[in-house]
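In what comes next, chain A is part of two complexes: it sits with chain B in the first one and with chain C in the second one.
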Partner chain A sequence: MTPWLTILLTLPAAGLLLTMLLPAGSNQLLKRVSLGTTLLQLLVGFGLLLPAYLQKLPDNQGFALHEKWQWIRLDMGTAGFLNIEYHLGLDGMGILMVLLTCMVMPLVVLSSWNNQHRNKLYFVLLQLLNLSILGCFMSLDFFLFYLFFEFMLLPMFFLIGLWGGEKREYAAIKFFLYTLFGSVFMLLVMAGLGFSFIDPDLTASLGRTVHTLDFLHMSGLADGTYPNLVAGSVFSHGYSLFGLDARALAFWVLLIGFAIKLPSVPFHTWLPDAHVQASTPISVILAALLLKVGGYGILRIAFGIFPEAALSSATWVAGLGMISILYGALVAMSQRDLKSLIAYSSVSHMGFVLLGLASFQAVGISGAVLQMFNHGVISSALFLLAGVLSDRTHDRTLSNYRGLWMKMPVYSAFVLVAFFASMGLPGLNGFVSEMMVFMGAFGSTEGYVSVFAAISVIGIVLAAVYYLRTFRQMFMGEFSYLGTGDSGSLQDLDGREKTLLVPLAVLMVLLGIFPSLATSLFDQSLSEYVSNLIQVAKP
Partner chain B sequence: MTSGMQALLLSMGIYVLGFVIQILFGRLLGAWKSTLAITLSVASGSLLCVAWLGLETEGFLRWEWLQWGGNSLDLGLRLDAMAMRMSALVGFVTILVHLYSSAYLHHERNMAKYWGFLSLFAFAMLLVVAAADLMLTFIGWELMGLSSYFLIGFYNVKEDAATGSQKAFIINRMGDLGFMLAMMALFAGSGSLWLDPSSFEDLTGSTQSLLGFGLMLAAFGKSAQFPLQTWLPAAMAGPTPVSSLIHAATMVAAGVYLLVRYAAFMLPIHLDVLTVVGAMTALAAAISAWGQQDIKRVLAYSTISQLGLMLVGVGTGSGDFAMFHLFTHAIFKCGLFLSAGAVIHALHDAYHSKGLHLDAQDMRHMGGLWKSMPIVTVCFCIFSAALAGVPLFSGFLSKDGILWSSCHWAQTQGGWRWLIPVSGIAGIAITALYLGRMGALVFFGNNRSSSNHQPENGLVVPRTTWRMLVPLVVLAGMSLWVFWSPLNPFHAPENLISGHVSTPVWFPVAIGSLGILGLVVGYLLHRNGWTGSWGKAGLQGWIQSHFHWDEFLEQIGTKAVLPLGRILAWWDARIVDGLVNLIGDVVVSNNRRNTLASMGDWMDRNLIDRTVSGVADGAAGLGNKLRNLQGGKIQRYLGIALGLFLVLMLLLVYLVMTS
Partner chain C sequence: MSPTNPYDVQAMLDSIPAGLGKLIPEGILILTFLVAIIFEIFPGRRFSKVLPFWAMTGLVGAAVVQFYLLVVGFPPQKIAMDMLWVDRMSGVVKLLVFVPAFISMATFHQSETKSVHTSDGKGTYFLLMIALAIGLSFLTMANHLMMVFLALEMASLPAYVLTAYSRENKKGTESGLKYVIFGCFSSGIMAYGISWIFGLAGSLDPTTADFAAQLQVHPIWMQGVAWLLVFVGLAFKVGLFPFHFWVPDVYEGAPFPVASFFSVGPKVAVFVVLLRLTACLHLGFSPGLESLLLAGFSAMALGSILLGNLSAMFQTNVRRMLAFSSIAHSGYLMVGICTFSVQGGASVLFYLTIYTLMTYGAFMASGWLEERKHSQTLDDLKGLSSRAPALAVIWIVLWVSLSGLPPTAGFIAKLEIFLAATQSYQGAGNLVLLVLLIAVVLNTVLALFYYLRPPAMMLFGQPKISSPIALHGFQGFVLVFLAVIVLILGIFAFDALSDFMLKVVDEFHSGVRF
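This part shows the complex of A and B:
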């Protein structure tokens, strides 16, 4: 069996090493090497990994691709061993995210083509980030996941802090502290989990208790019991910490950790700063890939390990989703900077992910996963489009532009496609996932989830309001430019920019008309996962 | 697949092809754009008409659209007699509008965009007409909103076109909120978006109720009914041929069509609300039409009023007559818009050549145009007669049906319901009045464009081209009763109306006389160029502004929603983020005396520089560059962050060891 997942992971690692070996001054070479390796990653992802994945679908374990090697076995004395494995797997939950990463990275490199200084460091960090993001979406061992999760922070911190705008240091440190805050608590939960679950096969063969951090060993059975849970451990049922149910507490700690990444209101204020200060390619990675780790983590880890706590908190999760949708949209309405408008619209659109997950219905959770992919495509395009203006005038203030449609018709057409996709117009991809989320959440019988779903629908009107107001402000009317930049530089898209935007626009239309191209990749394995989740939560 | 279905799919394909070619390759086509657009629309439209006349009108198609674990969401098309008839109407009107547009907009730029979205508009309407499930209906429904956004905003350089298109889309989205709620309710209740009588009966009462209200709200948005009617007058900023298409066979017709389609799934309470809203909107809009000075706005309010009447038809249980009125109205309203367009087009050129800076749509400067545009005048009179409900014209047949069945409905149910036919009859009288006024102001009397000193014949009105006249004459022919009911001028034809109500002879006579009387009175009141409709200025203002409803809605938007956004943005920046910054300041302050920060500095010097960053930076060989660049600042931040991390790790180990 070819280890496709490891092969895919070694590509960015190889790119990283190759970049480090190149001389620092060779700017063109550095860019070409990075583009080459990310394109190779795209080819391997779609040309080899995806066929292998499809061939193995469905697999009896739910993971079409699966790789596992012994890594660290820690002797903890009387407590037995802690077994940490290099365990990768790809199922319906991860496939779209991995493909999205493979797709977005070449675009990111290509959009970095005009990067002026310190190219070597830049591309090294980019490859490191690429590697950690891919690792997050494929790890099945909590330790491995956590390692990749933490490894995303440093490159991102420097990429914002060294190549960003005026207040880049503030934005970078804010991003770092926020995310660290979440992940530190996640670490606590991981430590507790390390003492709570055992690996049954290894325990039997070694004759001593072998603790594990493998997600697969942490899942429950249909009767609501957890076969590998150590009785009396921190996360066994009925154990309480600080007077609270330990499992519910752990669920919320994980949820908040990932909700910061997502981000959900009220943990979102790092996002607008990070986006406004980051350069275009970094914004694209941030919006398209990094945020998705949050949604993925909630579903795989917070929901996967503590399903009954998740189910009983469904109303609250849906409430967070609703607030994110409406609050993000309302705040987006009064933004003056194009990038911060898109950032708040991201907050609003990631709220759909929370709402869909809280539905505890196959359709709603499928919608949430699809929404993550769709948002990745749409927000990449939106930030690339905002970058087009930044490149020309270094000015993204909405009110400085009038009548861009006359001056830059092709650019306006792409903006329109992305705006309409983002506001959920049928025929474009955003609609499908939003509608699935709404249908799933409205069908939920838990608490007030259905009420929150009905209220959240207002979000689609608000999205139309802020996008169309922006479009009228900047693109309609007679052309004029009121800012301090050079209005003569406002030329229509060049070849490189079109190359970046065309695939994204095509994908928006294609997945809007044929959504099953995407859903068929995850449908079966995800709904198995969801039905298992529901059975464990409601035995 | 039946031959009718094949024809439908083929013509849909042609419209999509037209859209794709014009949008992607429009620049390459040059002057061939119009030729191509007209050719494709003729091909597609005649295909639909042939299918209606000669092919099997039944057909069904269903395919899987998306799936999740054993479940799937299917889309489907269903062709029946009503859908086929409606499709033929859409195809037919689209041909005429294409032909007319090629003359009306011959000097415009960006025509590829115009032709493309005109095609998409027709395609979207066909989807709504033939969709068998709610999801596909909604897709067509929204694509229509999209097309209208581009077409209304065609002159996007102009301010009113920019606001008008935006308003149309956003208000339609409010209606869509209802549509989405209806879909959510149906899906939650039955697990599918296919509505049929058996699945409807299984739904709970509240789901049925939500479903009905949702669809109703959706229809109020598309068909411009209270409280969402204000987008239609604003949409007049689009080119006139677009207005004629929106008002005839597409867009506004979709709302009524949806209600007729799903009337069987409405509860009595829904039907009552539908009737009341329809009657109220019909009367209010008719009064407002009387007070307009802009020729297109008269017609916009007139459409709102007629759509209200159709809603009354649906609500009182005569969906057949509502559909019949939709058809006759489509023809004569399209004609009225095209006549108005001919007038505007001619006057625009005439004013321009005279150097007059007048609004070519303002009826206060018009008058006496029958001399220079006789054919248009005759056509206009035919359309007006049809709209006013004069016997021997098409509108008479359909209005008569709706009103009589509303009387019948009031009689069986009694009480307040008698107000509905009464307001309907009042609406007929006012409709005739504003049409009489319009004719008097535009076509008859003396021309008022020049100042009093200049002779009235100073204005040279250019001839109307054949491409504009042909659609007008064809539509005028179709507005006569013979086209709809060859035998009996007093009854609607059996092939259009299934179980028709037989009216006593006095009723159609009374309705017809009222229409004629209204036209005459309206003409006499305004024939001397008196443009105001009421004496008092305040009342005039209320009527002309449609009772300030539009302003009221805008006030809600600008005084409530936008400020709420600004307040939340302030809250977000100051309170939420302020709190974060406060915490950040405590931790990362430049003040060395601050304990946490100095602790961080200590860790920076002793832990990070020597160990962690030493190893990491050494490996990558980046340390010096970073340090030089940021003067150690980033290092300190990183140090603090990692220090925090280590402290918590220690805490964790401690917790684990003690437990």
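This part shows the complex of A and C:
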């Protein structure tokens, strides 16, 4: 059996080593090496990993391509062992996210082509980030996941802080502290989980209790029981902390940790700062990949380990989603900077992910996962498009532009497609996933989820308002430029920019017309996963 | 090896030589010290040149023998009329004392700081370091409270002198004086506490059942006051809140090889004493006293963590920042002590090992820069990554580890303490531990404010001068080694280290049972 996932993980590592070996001054070479390794990653992802995934039947709880190696066995004295494994595997959601990462990374490298200073450090950090994002989507052991999850922060911190706008250091530290705040509490949950679940096979073979952090051992059965849960442990049923149910508390800790990353209102305030200050490629990674780790984490970890707590909190989760959708859209309407408009629209669109997850319906959760993928594609395009403008005039103020269509028709056409996709116009990919989210949420019988869904529909209207208004203001009418930048520099897209945008636009249309291209990848495994969650939560 | 009849003097005397075999490392150090004194007496140039090498050889010899004893292994044993307790726990910690002491000596010897060299009697430094190592070494083995006191004083006196070692440095003299005054005061308090305990229990060996039984007769508040006084003395020595105020001054004022050793060696040794005493108290005393101590300890832990991190945020001097960070780390270590369990003890020992690696490394890295820039301020780190890329990478690794982020050993060390505290909480349901855990976790975020500053300065800022600073020689090697170890232990093999610590602490605990 070929270890495809490890092979995919070694590609960024190889790129990293290669970049480190190159001399610091060789700018072109550094860029080419990074582009080469990320393209190879794309090739391996789609050409080898995907066929291997499709051929191999999932063998354990819907996961395929398992790689499992003994890594660490901590002796905990009277409590037995804590066993940590290098355990990778993919289910439908995992492969979708891994493919998204493979797809976005070459675009990020290509859009960094004009990066001026300290290229070596830049590409080293980029590859580190690439590695840790891929690792996050593949890990099936909480410890391994946590390592990758935390390790994402440092390269991102430096990438925002070194290559960003004027207030980049402030934005970088804000990003770091917000995310860290969420993840340190997650560490406490992990410490508790370390005493709560056992690995039945190892316990039998070693003759001592072997605790595990493997996600697969933490799942419950259809009758609502957890076969590997240690009775009397912190996360066993009925255990309370500070007078609260320990499992519900842990669920909320995890949810908030990932909601900060997602980000959901009210934990979102780091995002606009980070986006506005970060350079274009970094914004693309942030929006397209880093936010997805949040959604992924909620479904895989918060919902996966504590399904009954998730089900009973569904109304609240949906409420958070609704507030994110509406608040994000309302704030986006009043933005004057194109990038912060897109950032707030991201907040709004990630709200749909929460709403879909809270529906506890197969279609809704599938919609949420598809929304993550679609948002990855659309937001990449949007941030690249905003980058085109700031490359030319260093000015992203909406009101400074009029009639850009006259000057830059190709650019404007791409903007139109991306705007339409983002606001959910039928025929483009955003529509499909939002539709699925609403179908799921309306069908939900939990609490007020369907009510919140109905209110959230306003968000779509608001999105149309701010996108159309922006489009009319910036692109229609006679051309004029009111800012201080050089209006002569407003040339239409060059070859490199077209290369970046064409694949994204094609994907938007293609997935809008044939959503099954993406959904067929995860439909079956996800609906099994969800039906298992529901059965565990409602035995 | 304890004599059957406590008043049988002959048996007592006979028991002393029997244990001497376990004290070879100390024997080597004492011999080194005595011969070194003779070197110092002769005024010839030749002797003063030989002395550093003699002292370093002695220390290396002691470390090698100690390492051998540790690897061979032996049953834990009380020797010298139950004054000392030789076990692997003391072995581990002695290595944590000897190795940094050796590196500090070698650094000092190579040190380019002229101000230190011009002061006459360079050899005194080596003598004092050896004396300090002997004191700390006995401290790690001390079983009897009298021995604890003696060893602590034996270590403190050289420490006072070392702090004020360079005469031209006003700050050094000032901090030396502060250190002496506060140090003597705390020693006095501790001696007073010990006398209370002797009055209450009629003995000073806390591992005997008799001691526990005698002490239990007295009211809880009396026992509490007695132990409080003892722990105040110890808390002073490790710089725990509210007895921390000397720490930043001493770390800032002392010559940097001294300061870097102070930040690890003495602290590590005193924490072992804390581990031993709390284990004895836990195993042999009333639950009332234990909860009293838990309250005190957790207050110290919380205070140290909060104060350390909050104060470190406002520092502009790298050494002061490290000093406050070390206060916070003492607080994290106290959380491990608060668990009163074998697992907790092991996590403390593990943390001490990692703490030594990263703090010592961080001090050395800043010392390397100080020597070349004659400045300890944070501002001077600006743009270091372009002037000294290798040093900057090492620095970033060590500081990230200090902050406790993966994939570094600092993260694993913190995780071990979390696991021990969770296990303890799950067993006893003591809410204090949970509160402490949450406090530690919140402080990790707080601490990031300042732990990120030096790395951020290095990468974000523009250097004033662009001449490169290279890493080379012995110090360069040590720094690279420390950074690599910190990274490796963050990902691999830490389970082996932690299992070893667990065995060591378990061995000790099973020896204490009454």
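Heads up, the rule we're going with is that the second predicted complex is superposed on the first by the 534 of 539 C-alpha atoms of A that agree within 3 Å, B and C clash if a C-alpha of one lies under 4 Å from a C-alpha of the other, contacts with A are read in each partner's own complex, and residues count from 1 in each chain.
Throughout what follows, a contact is a pair of C-beta atoms (placed from the backbone, for glycine too) under 8 Å apart; a residue touches a chain by one contact, two chains touch by 3 or more.
Everything quoted here is computed from the prediction, not taken from an experiment.
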**Message:** In the overlaid three-chain picture, which partner chain does A:468 touch, first (chain B) or second (chain C), both, or neither?
**Reply:** first
Practice item. Considering only touches as defined above, state whether A:162 meets chain B (first), chain C (second), both or neither. Key: both
> Counting only touches as set out at the top, which of chain B and chain C does A:427 meet: first, second, both, neither?
Replying inline: first
_Output check: A:82 vs chain B and chain C. Expected answer is one of first, second, both, neither. What do you get?_
second
Counting residues of chain A touched by each of chain B and chain C, the higher count belongs to B
Examine A:319 and indicate which partner it touches, taking first as chain B and second as chain C; both and neither are also allowed. neither
Quick check for you: in the superposed arrangement, does A:478 touch first (chain B), second (chain C), both or neither? first
Key: First, second, both or neither for A:191, with chain B first and chain C second   = both
* Given the touch rule stated above, what does A:72 touch, chain B (first), chain C (second), both, or neither? -> second
Should A:297 be classified as contacting the first partner (chain B), the second (chain C), both, or neither?
neither
Residue overlap on chain A between the chain B interface and the chain C interface 121, 157-158, 161-162, 169, 172-173, 176-177, 180, 184, 187-188, 191, 195, 234
In the complex, chain A touches chain B at residues 20, 118, 121, 124, 157-158, 161-162, 169, 172-174, 176-178, 180, 184, 187-188, 191, 195, 234, 266, 269-270, 327, 330-335, 362-363, 366, 403, 405-406, 420, 425-427, 431-432, 435-436, 438-439, 442-443, 450, 453-454, 457-458, 460-461, 464-465, 468-469, 472, 475-478, 515-516, 519-520, 523-524, 526-528, 530-531
Interface with chain C, chain A side, in the complex: residues 72-79, 82, 121, 146-147, 150-151, 153-154, 157-158, 161-162, 169, 172-173, 176-177, 180-181, 184-185, 187-188, 191-192, 194-195, 232-234, 241-242
So, in the complex, the side of chain B touching chain A is made of residues 64-71, 135, 138-139, 141-143, 146, 149, 153, 156-157, 159, 161-163, 166, 169-170, 173-174, 176-177, 180-181, 183-185, 187-188, 561-562, 564-566, 568-569, 572, 576-577, 580, 584, 587-588, 620, 622, 625-626, 629-630, 633-634, 637-638, 641, 644-645, 648-649, 652, 655-656, 659
Within the complex, chain A is touched by chain C residues 341-343, 346, 385, 400, 405-407, 411, 415-416, 418-419, 421-423, 425-426, 431, 434, 437-438, 441-442, 444-445, 448-449, 452, 456, 459-460, 491-492, 494-495, 498-499, 502, 506
